[in-house]
Amino acid sequence: MDRLDKESRTHALLAMVKIRLAEEEIQNLFMANLVRGTTHLAIGQEACSAGVALALSKGDTVTCSYRGHGHALALGMSLRSLMAEMMGKESGACKGRGGSMHMTDKSIGLLGANAIVGAQLPIALGAALTAQVRRTGAIAATFFGDGAANIGLCHESMNMASVWKLPVIFICENNLYGEYSHIRETTPIDDIADRAGAYAMPGVIVDGQDVEAVHAATVSAAERARNGQGPSLLELKTYRYGGHSRSDTAPYRKPGELAQWQERDPIDILAARMYSDGELDPEEFLEIKEAIAGEVFDAVEWAKAEPFPSPQSLEDYVYAAS
Amino acid sequence: MDRLDKESRTHALLAMVKIRLAEEEIQNLFMANLVRGTTHLAIGQEACSAGVALALSKGDTVTCSYRGHGHALALGMSLRSLMAEMMGKESGACKGRGGSMHMTDKSIGLLGANAIVGAQLPIALGAALTAQVRRTGAIAATFFGDGAANIGLCHESMNMASVWKLPVIFICENNLYGEYSHIRETTPIDDIADRAGAYAMPGVIVDGQDVEAVHAATVSAAERARNGQGPSLLELKTYRYGGHSRSDTAPYRKPGELAQWQERDPIDILAARMYSDGELDPEEFLEIKEAIAGEVFDAVEWAKAEPFPSPQSLEDYVYAAS
Amino acid sequence: MPTMTYRQAVTEAIAAEMRRDDAVVFFGEDVAKAGGVFKVTPGIYEEFGPVRVRDTPISEQAIVGTALGAAITGLRPVAELMFADFIPVAMDQIVNQVAKYRFMSGGQFTVPLTIRASQGAGGGFGTQHSQCAESWLMNFPGLKVVAPSSPADMYGLLRAAIRDDDPVIVLEHKSLYNLVGEVDLEAAPEELGQAAVARAGEDITLVATQQMLQRALATAEKLADEGIKPEVIDLRSLAPLDGATILRSVRKTSRLIIVEEAPRLGGWGANVAALVADEGLFYLDAPIKRVNMENALIAYSPALEDEIIPNAQRIEGAVRQLLS
Amino acid sequence: MPTMTYRQAVTEAIAAEMRRDDAVVFFGEDVAKAGGVFKVTPGIYEEFGPVRVRDTPISEQAIVGTALGAAITGLRPVAELMFADFIPVAMDQIVNQVAKYRFMSGGQFTVPLTIRASQGAGGGFGTQHSQCAESWLMNFPGLKVVAPSSPADMYGLLRAAIRDDDPVIVLEHKSLYNLVGEVDLEAAPEELGQAAVARAGEDITLVATQQMLQRALATAEKLADEGIKPEVIDLRSLAPLDGATILRSVRKTSRLIIVEEAPRLGGWGANVAALVADEGLFYLDAPIKRVNMENALIAYSPALEDEIIPNAQRIEGAVRQLLS
């Protein structure tokens, strides 16, 4: 049942590779000071965004956190638009105003990445309310972390979504850490999915490294939501290979933990399945990666040459008239 | 096991009668404009505060909501101090600054009643932290409503108390309504106690009309807390006989609901038990009530005659130096 | 022209906009079935039904966040936060999300969102239910803030807020709910961001809002008998602040007193004073005075509450002193 | 006297007070084992251990509320909120609880509580991680707010805040963490509520804080070569506001420019201007000018961020214009 057809698998594989390669390049750009401030990579977590995106339809919406490049790319944001935004250029998705933490692209339903932990959750409720009032059949997915699960707004959002039977999917990417703290030090339970019962909604634990499992769980939750049965909570068990942000080397994690997770790399898992099902061979895969690397290179070079916003546009977009 | 000895029963009975009679008088004072703004009565819910108070020890602390007169009296606040505060007099517990919604009496461990829904919860965590750091053995009880269970801070407080294994007892007085809304319209589950699992703490449903049951549940939770095993959540099923506040006549409640609850009146339940156990007879009980009515009358008359704070003291207590 | 209370003007404004535009939805705690804690919205639920008018759980953060999400996806929500003292509970959503959403997205979204709340002292509601919130919300570009003082302005400004494509906080003053006045139900909405001359005069300018405007007007009325003619300006909009109207008046009167219910430090009055001290300094014949709440908190006790916010005597005293 | 960074001064101040008084406890997100997101508190956990120094869940409201409860029961907590932009998340606890607790109880409790957070623009952190928070916290009697600008002041004011029996918000500026200066570790704590003359002069008064103070001082330095001598005042305390020091300076210079990183409307600068327009109006030879952030939001793009907050040219331009 979880199995995707070849076309969808290929789509997911491409998305995951694109995220991986783009983010590796973003880290380089950060080190080269072309990306400023801070940046949060989702390398290792690619199956989460790719699997969910594959299960969504046109008109559906997504909100997520600062760790949002993967969601943006999985939903179809162009690499050029993303890279230009990363560098603060006028041709970026948010015209350089947003940056790494605020990847937003209305055209693909990405309502926004948020730099305040948990603040994206109720925004999904609002999008779902619009869908409910307008009877559009759309649903709203909202991604958040294990750490965000402890913020008050997470509770309020789940409760209200359930009471109003809003078509929302709450997607917790449990990567075991909130910044430098292991979940065991901040949360008295291991499975965030166990909190779903507090809101009378289904809580499902999903292998977040398996893009097909993520897809399948999202399809079920989406169906429920579209049928007027209200929200669901999916907990995707996953792991970030890098540090929390910037130059964090993650000294806090247990020795061997990273290697163990890398053995269950989401790209490798899907590629291996496709190999064994005769849907892909290593050579093809290499070509795919090279092609995407080329796209990433192109996007970066293009973005580097793009102009910055003009200082005259400083006050634009503060108010609607502008 | 739940059964109390005669002395404790008598103590609880007196407390409940005192709360009932004092609050009836407060409503009169409100109607007579001697109590201003708003006031929230706990008539019908007396077993909650009386049962918990009986299970606490010296040094333990309590925080609660604006519906706090019962907690104050159960913990031992003097009627005079309470009535003076109700009328905004200088000899009130808070020197007239607090009023009905902020009954606070450090001398009895009542750290404060709060007029912002849910804001009292983390304050109990802080008191518990002091106890933990100082190893005093004290515990902190915090009362809140079914409606407050949906506010973000409630979630944050329960989570953090559990992670730090703080000696806190979370006591939800589920009186079925938050203002004019029935719990079914704001909360997707019937039992708030079911949320305890989200924080790996025990969640216990208690008959909030039975002061002995409330006492027993509190004793268990207190023991756990003092043993360093962390917080518990008690849900006391109860009912307020009056409206939410002021002149609310509670038109929103189902016909017959009030009468049904009044059949399980907390004072009647305990008195009946004491009758049948030969610990009280109707005549004694009448005397008790009359004596307490006298005390209430005295306190009201005394408070009426007390002076208001002087306008010269306007800026007092804003900063510590003052 | 019909006559109605400030309270009814709120109801009428919401109803009018809901009739006009089916994108307008309305929600908050006990606003629907019960018609609101201040009985400000009776009948709205009955007329527009449970899809567009909703009671919420006690979850101010989620209320505002949900309204924001709805606003950027095509609805035009009106969210109520009941007592303005609860605004801080939802502060992040208001100032870091609602106010900034359009900007952070590089203009991809507009945020046509109205947040209503009831503010002010004088009712014996105590320290946490009596504050004025305008000045807490002024340091956030992207937000608009209005504080209507009459039934007509309430009707005109609330409708303008709902129609506006930017987020607007509309602060109602509890003490004015029973104030009666004429309201032209067919009038065009007011323009946001404009102060109004509530009473023309020439000797001194008083700037105030809401409850303090009433007191300033009463003071002006009283002084008129002695031939003293204050000009009283109803600020109406806190953000943006209408400097032109204030400067025009001070240019004429050369004297300025700001009457503000909230504490002086960090209050909107400082912004009015600073504006004049910059652009109108040479109009002034006297120091700019501010009559504010004392440097204290709103106490429950009537003996204190009635002293702590500016009363008629303090306002009159300030005027006399500045004119002397 | 030892030399250290502004960052180290924070660490030293917390450690000094924790050594001195075992009632001092310290907690926040990732402040303990990791030593803080800005690497401001390394070693504190190691020295004082897990009972007194704690990492918390991501729960700003509970952090502040817990600190409040601990403060009224005998501890002297220092709570960190990381980026000052997160203050609004805990706003109710700060302004309706912490600031008012003593008052509402009629003086039964004191609230010896310190809240630290890191503010300011210039680092490319984007709209929600670059704001200055001082002005959001000024309209709440009961709260004290300080913004130290040098290592010595950080050491002196943070220790004073921790020893103070009232709640104090201490705002650190991100751009100053690497600023080096001499710090007398044995000095008595600074007094809260006092501004300081950072550079004496006579031609014009510049009032600023933190990053803008640095820029104001640089401007003064540059102008000195031409014989123009600005007096630069480091405001240090926002609440209370030290009127006397400002008035003393303006009396001497007759000209005032306020340099503020945050937006003009609702900013602290308006309060300084209003104070002088009242008590020092007749000292003035020129309008009171404010150099502020543009009426916009902090953008991520360096091309915009570097333009939006006041830079050296804008400050210098304002000075020259006012002196011409």
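Letters A, B, C and D mark the chains as written, and numbering starts fresh at 1 in each.
The criterion applied here is as follows: contacts are C-beta pairs under 8 Å (C-beta built on N, C-alpha and C of every residue); 3 or more make two chains touch, one makes a residue touch a chain.
Note that the structure is predicted; figures quoted are calculated from it, not measured.
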item	value
Most remote chain, CA-based centroid, reference being chain D	B
Rounded Å distance, chain A centre to chain B centre (Cα mean)	45
Gap in Å, rounded to a whole number, between the CA centres of chain D and chain A	36
Where chain C and chain D are represented by their mean Cα positions, the distance between them in whole Å	30
Touching two or more other chains - residues of chain C	56-57, 59, 61-62, 85-86, 89, 92, 96, 103-104, 126-128, 141-142, 295-297, 299
Multi-partner residues of chain B (at least 2 other chains)	94, 96-98, 102, 114, 116, 150-153, 156, 159-160, 163, 185-187, 318
Chain contact topology (line, ring, star, complete or other)	complete
Chain C residues within the chain A interface of the complex	25, 51-52, 54, 56-57, 59, 61-75, 77, 92-93, 96-97, 101-112, 141-142, 164-166
Touch list for chain D against partner chain A, complex	29-30, 33-34, 37, 55-62, 85-86, 89, 123-129, 294-297, 299-304, 307-308
Complex contacts: residues of chain D adjacent to chain C	85-86, 88-89, 91-92, 94-96, 99-100, 103-104, 126-128, 135-142, 239-241, 262-263, 265-271, 273-279, 281-282, 284, 286-290, 295-297, 299
Touch list for chain A against partner chain D, complex	36-38, 88-89, 94, 96-102, 114-118, 147-148, 150-152, 178-181, 185-187, 252, 308-311, 313-315, 318
Chain C-touching residues of chain A, taken from the complex the two chains share	61, 63, 92-98, 102, 104-106, 111-112, 114, 116, 119, 121-134, 140, 152-153, 156-157, 159-160, 163-164, 316-322
